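Common to both upcoming complexes is chain A, partnered first by chain B, then by chain C.
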Partner chain A sequence: MALAGQPNCGKTTVFNMLTGARQHVANYPGVTVEKKSGRFSAEGRPVELVDLPGTYSLTSYSLEERVARDFILYDKPRAIINVADASNLKRNLYLTLQLFEMGVPVVLNLNMMDVAERRGIGVDARGLQEYFGSPVVPTVGKKGSGAPQLKAAVAALADAGPARAFAVDYGPLEPFVAEIGDLVAADPQAAGAYPSRWLAIKLLEADAEAANLLARHHPEAAEVMERVQALRARFETEAGLSADRHIAFTRHRLCADIFRRFVTVPGEKRRTLSDKADSFVCHRFAGPVILVLILLGLYQISIVFGGWVALQVWPVWGSLESFTEGLLPAAGFLDDPLLRSLGMWTVKSVTAILNYLPIFFLLFALIAILEDSGYMPRMAFILDRLFRRFGLHGQSTLPLILGGVYVGGCAIPAVMATKAIPDERARLATILVAPMMNCLAKVPLYLILISAYFADHAGMAMFFIATVTLFMALPVAKALSLTVLRRRESAPFIMEMPPYHLPTAGGVLRRALERIWLFVKKIVTVVVAVAVIVFMLINFPNLGRERLEDYAARRDAAVDAFMAEVDKTSFKGRIAPEDVLALVLFEEDMKSAKRGVSDQARADAINARFAEANPVFYAVVSREGKDGKALNRALKGVINTRKELRRNMRAERFEASFLGVAGRALEPLTQWAGFNWRINIALLSAFAAKENSAATLGAIYGIDGEGGGSVEQGMLAGEEGFTPLHALALMLFMALYPPCIPASIMVRMQTNSSKWMLFSIGYQTLLGLAVATLVFTGGRLLGLSGVQAMWAFYGLCVAATVGMALIPEKTARELSGPQTRQPKEGIAS
Partner chain B sequence: MKFVKHLLLLVAFCLVSSLAVAHSPLCDCFDNGDGTITCEGGFSDGSSASGVGMTVKDGAGAVLQEGKMDANSEFSFPKPEGDYSVTFDAGEGHQVVIKGENIVQ
Partner chain C sequence: MTINEMKPGETRAVKGLTAGGALGQRLMDLGFFPGAAVQVVRNAPLVDPVELELDGYHMSIRHDEAGHVEVE
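Moving on, here comes the complex of A and B:
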């Protein structure tokens, strides 16, 4: 037995009402759609109930719709309970008609009767039952009323079957349906596999999945398809509109007709406040202006204010870091124990992401407000006209905002959000371009490069990189949908325009928290796994023995120099050479204990604690007496030497590591884009998590500072001049760079295909390399400066965007019919 | 043309927006007890703050001293008399200001 219904019809409450707590959640085989099943007993017999995904229709446009349809088609439930929102019956009947068409016994469940009553809507359940020839049962799922009647109806229907099968009359199309129905049913083996009338209608609708089904089961599929095409063409010339639109219109008309006959609406329908608001919000000119203002507010609050909040919250994550630091084995002078270095690396990778939580929390909360208020579908409606031109969909708006249309987003929630896009082609296109937006983690690298190489044009350079990404993403999306995604299903823009609501604080908070939790759960686990792998790649193989001995010698020299100072003071004999490391760590601990403390009394208490723990060390660290002062200066020298040695060792080890070797191996290829092997390494580590790019470049190559370490200076001196043109190529590559590993895994989850994940990594890498090469090599050949190349490229991208927008896309055009501009209709097709 | 209008709107939206905050800047200052102050900088994602500009100002806002974070992401300066503040400036949206009275020994 299966439970079907449109979203927001109270399907879950009906499910719970019937099955109680006895339910089992799994995924439908091969897809990420959740499959919930439960048991209940009807008239003493056990019944298994499967909750189908909420869908508006039963086409094959979206994953949910396909899952629901396949279940009905292949698992052949004995009966279907169709949950419908009684207060919104006209829309809900659209699904009901299609369920009847599939030839399964249907119980129509009029749920939310209380809401309908409150609004003064009367539904004639008995009349509907006679009309459909199938049971119709009113319930109030929230209160659990009507459950026994529903169970009884289900049991009776499963035994006896419907009184008669209800069928939609397609008028002039009927002879065509009958002809194809006969063709399809001609083969006895195929006839049993699916309802022939349903398949005939689906074939006339040009449903791709139906064609596949036919090809699999029918021995003469090709001839049947040919006939279908011919009939479709004939109908279109005769009736003046395509068969699929005729079918959709007939269903809509019938819904409206049934609604008029069996539903009474209070008084004359007056223009609601929502309708009035829509005349502004969806207005041709005011609409986009309001949209821009709302997006601007979204950006200011989540990114600018959220960034400030993130800074205030940082001490929490910082203390998490120092807490773990305390649990792990103590640090060494040069090398730390593996457990410590790996542990700290992992914790830091996680806190780097947790730092963004306030931003995402605000973003998710604001989006929940937009959704609950009913603005989100209107925004999608307004932008659909623009996005269609690029093979995207109105509902691509949210993923692109989350990804960082301007600056500051994250590809992970962006890819997650594509789930809502019903159009398979646009959904994949959105998944593939969302990582090209400017995620938060790309920004540090932009900032470093801009302040180093475009300092005089910093504002314009930031504007350039922030907006050029959109002008690269849009043409790319169009190109993808014209090529690799050509054969994918495309859907018309169908979206319910619910009345405006005032969002409740509780609802918004709950949804924001749910999403944050989902985000944290998915990401933190992935980040931990990735951090461990990257750690191995950048730390092994270790330095050669000769180098390690050299470092050890320099360490010993520093310790010896310090001991020589000790012997000149009264500390002679109280500090041994093996105490030096402990003394250095003592100083470090004391400093981190006082980190963030701004009150002298508390600082004194901390000092006293350390003084008690080790009076000798404390005397040196806090400069007690003449000897303490003298030795403190020597200690500073040791500390600085240690930091320098550790930094240099890290850089040297990185270069010799697996990742470093890979960076060198790629140099012959990347030199045309202006990347030397050092930049290759930074980019490779950025693939693990974008944050790494700046950290790596900063720590190893000293691009972000004057550089102090001898190794860095040597490297910079040995490097041929890094020009603004190099920097520009690097920034553009970073913008187009493949999604980081956590985002790639999200792509894998949303597309349910490793091939798409690899494709998204591969095409973005190649595209990034191609663009960087074009800018760098092209700019050098033409003798352009960095700034000139920047604007030349910008012009190129804008031209490509306009050009791509003008290439017509047949399906998209054909399907966006005259109804698209009628949001109040409820459904625009 | 409608499409161009939409495009222009998108561009306008981008123009008005300001620069985003990405990783959070971090800076802590300590009184060394010898008449000098040492500040340590960094970023929440572990990036080095080496080369970041540092400014020390007196209570009236006059610049007393300017410098940059060294290779160890540290910056030391003589402790000024009276009120003062230290600014860690890693670009717009990446500034930290610490008041002298909050710097303890």
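Moving on, here comes the complex of A and C:
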């Protein structure tokens, strides 16, 4: 069965009421429209219920309507449950009439009866049932009341089989409908494929998809179409209005008529609570202030508070890491077994993403609250004028905020949130620029560069990078919508502003969990696969034999030195050369076991455990006696040497790896942007996740990536001749850096095309390189300092933004073009 | 006269639509048909779009598009 209804009629609550937790979320094949299905049992028989997208009508002009219509047409549900908002029945019936027209049995569900009652609206359900000749069931989806009656009606309808369908009387058009219907039904193959009266009406409406349908199924489609055109023309001259108008107006008049007969409304119009709230929320001055406060709250709760929660939750992921570490083979002195290094790399890649879960969860919950409360259309209302100038949409606000319009966001939920944008062109433009915002992971590199090269202007430089991104994103969005997105489908901006709702905790929680689960399922699996590939790229080919032998010799020297110390103490003979690695690992284990333990009793227990495991090692590590102390010093020496050797080896291996080779190969191109091969490697490694850029720089400059300070010093020392101009170019490149792999996957999911994902990666890389080259080479030619170049570029971006804003956007006239316009051409191209 | 020229607070009856295609269809589907009463509630803070009340429910629509709805 299918569940159909207009937007804001409470369809989701009815769906949840009927199916409970037995739901499955996927996409309709080939499109990004979400398809939810669930199961329930009606009077003992199993029913599969598919939630159709919420639509006002069933034309072929919008993707959602096409999806809903195609499902009814091709998947042939046994019956349709039509959810209608009882408090707004007149408009809701418009869809009901069209559902009847499609020839499928319909159960009319009058939902939100509580709201109707509160407003003093009375609906005669029994009268409606007699009028339509189909079951009518009132419910209050939010409270779950009416569910058994609805299920019983569904079961009864399924038993009864095809019933007499209610048909709209189109008056003077009826003979035309009958004639086309007969033509359509004349062919036996075509007659079985679809309801002929419905197709006749659609053809007279000049519905482009209906014409395609006819061409596919009817052998004499051209002749039928010719007749349709002739009849349309004749009707228009006779009636003085086009057939499609006549059809829509007749339906509306019938809705109004039914409304008058079966619905009683209170005499005087009362100002609802929603109206009162709107006079503040949409107020000329108060509106924007409230908007900013809400967005600030969103940022504070999700990013600031969420960041704190993530920190509290981190031990969980940390223990997952140590748990895996324990399962994998033990570390070596120089090299770890492949299974260990690859395993740890993969686990760490996953935990790096899981670390963001609390932030995402809060974000998703807050978005659900905004959506359920009805605030989203108000936000679009307030900001549409601004964003439209740049080819975006009022609904682009949220994705850009989530992406990090100032500092700190994430492209993944940003791209995910573009789903709400009804205009395909603006939606794509938003998807393409959202990754240009400053996500959390870009910040470490900014901080390193700013404190290394703009230490005197740190505050200003941070302000620059935090705000310049928006001035880059807006003109780029406009440029994209004028060029590559020019032919994409654009929708008129007509948005319902539904009454405010108090979101229910259950509904919000369900939605947030649903989205988190989708995220974990889709993203984490891909991250694992990509992590393995990146691991190969940065670890292979290995170092040459000569270099490996050199490192082995230095290792042996360190071990020998330690053994010489052993022989001077009472440990002589109790520690052999092959024990040295075990001793080092023993020390590491003990240190990590005691990390964060402040309780004396627990510390004693850990000590006792280690003392029992190996009393000799324990004596050295815990500095027992004079000999223990002496040997512990020597052990520290070995540990430090090991660390240094491993670090150098890693840096060297990095340079020799495939990625390192690529970094060097790119140098001739990137030198104009001021990037040498070392920077190139860091940037290439950032593609997996942007945090990597800072860690990789640390590795290259021979510092462990912990603590920004050391990386800056390493960079200052390691890159002589590196100027603030270099740093500025690098910062801008990072700002425009293509979406990381998880975000790219999200782009693919939301655009439903690998092509757009690749485009998104490609154009941002090129744009970043072009901007960095402009700033670096341009700045050098003009002899600008880093700070001068910074503000010059800022001015340039603001000018571009203003310039782009002045190019007139597409007007409604284009949208209202000839009626035979093929609405699908945008998708096909 | 079109909705575009109405002032906030004004209520008028829809006379006809001058748009075809996607826009015309959408306007019809949302209930703009001859005789329907439409009230201009308010303009957005940046003037565009405009909030309307049509047959008991609220919607926002850009001025460009509102210009295609003729009123009495």
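Following the convention adopted for this analysis, the second predicted complex is superposed on the first by the 543 of 829 C-alpha atoms of A that agree within 3 Å, B and C clash if a C-alpha of one lies under 4 Å from a C-alpha of the other, contacts with A are read in each partner's own complex, and residues count from 1 in each chain.
Definition applied: a residue touches a chain if its C-beta (ideal position, glycine included) is under 8 Å from a C-beta of that chain, and two chains touch if they have at least 3 such contacts.
What you see is a predicted model, and the numbers here were worked out from it, not measured in a lab.
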> Between chain B (first) and chain C (second), which, if any, makes contact with A:153: first, second, both or neither?
Replying inline: neither
> Between chain B (first) and chain C (second), which, if any, makes contact with A:90: first, second, both or neither?
Replying inline: second
>> After the superposition on A, what does A:385 contact: first (chain B), second (chain C), both or neither?
In response: both
>> Just checking: does A:366 make contact with chain B only, chain C only, both, or neither of them? Give me first, second, both or neither.
In response: neither
> Looking at the overlay, does A:249 come into contact with chain B only (first), chain C only (second), both, or neither?
Replying inline: second
>> In the overlaid three-chain picture, which partner chain does A:288 touch, first (chain B) or second (chain C), both, or neither?
In response: both
> When the two structures are laid over each other on chain A, which of chain B and chain C touches more residues of chain A?
Replying inline: B
> Is A:476 contacted by the first partner chain B, the second partner chain C, both or neither?
Replying inline: neither
> Following superposition on chain A, which residues of chain A contact chain B and also contact chain C?
Replying inline: 284, 288, 383, 385-386
> Along chain B, where are the residues that touch chain A in the complex?
Replying inline: 2-7, 9-26, 28, 30, 32-34, 40, 43-48, 50-52, 68-72, 90-91, 93-94, 101-105
>> Please output the residues of chain C touching chain A within their complex, sorted ascending.
In response: 17-31, 33-34, 36, 41-49, 51, 55-62, 64-65, 67-68
>> With touch defined as at the start, can you tell me which chain A residues reach chain B in the complex?
In response: 284, 288-289, 291-292, 295-296, 299-300, 303-304, 306-308, 310-311, 314, 317-318, 348, 351-352, 355, 383, 385-386, 389, 406-408, 440-441, 443-444, 447, 451, 462-463, 466-467, 470, 591, 594-600, 603, 607, 622-623, 629, 632, 640, 643-644, 647, 691, 694-695, 698-699, 702, 704-709, 712, 801-802, 805
>> Under the stated contact criterion, what part of chain A meets chain C in this complex?
In response: 56-57, 59, 61-62, 88, 90-91, 94, 242, 244-245, 248-249, 252-253, 274, 278-279, 282-285, 287-288, 377, 380-386, 388, 394, 491-499, 811-813, 815-819, 821, 823
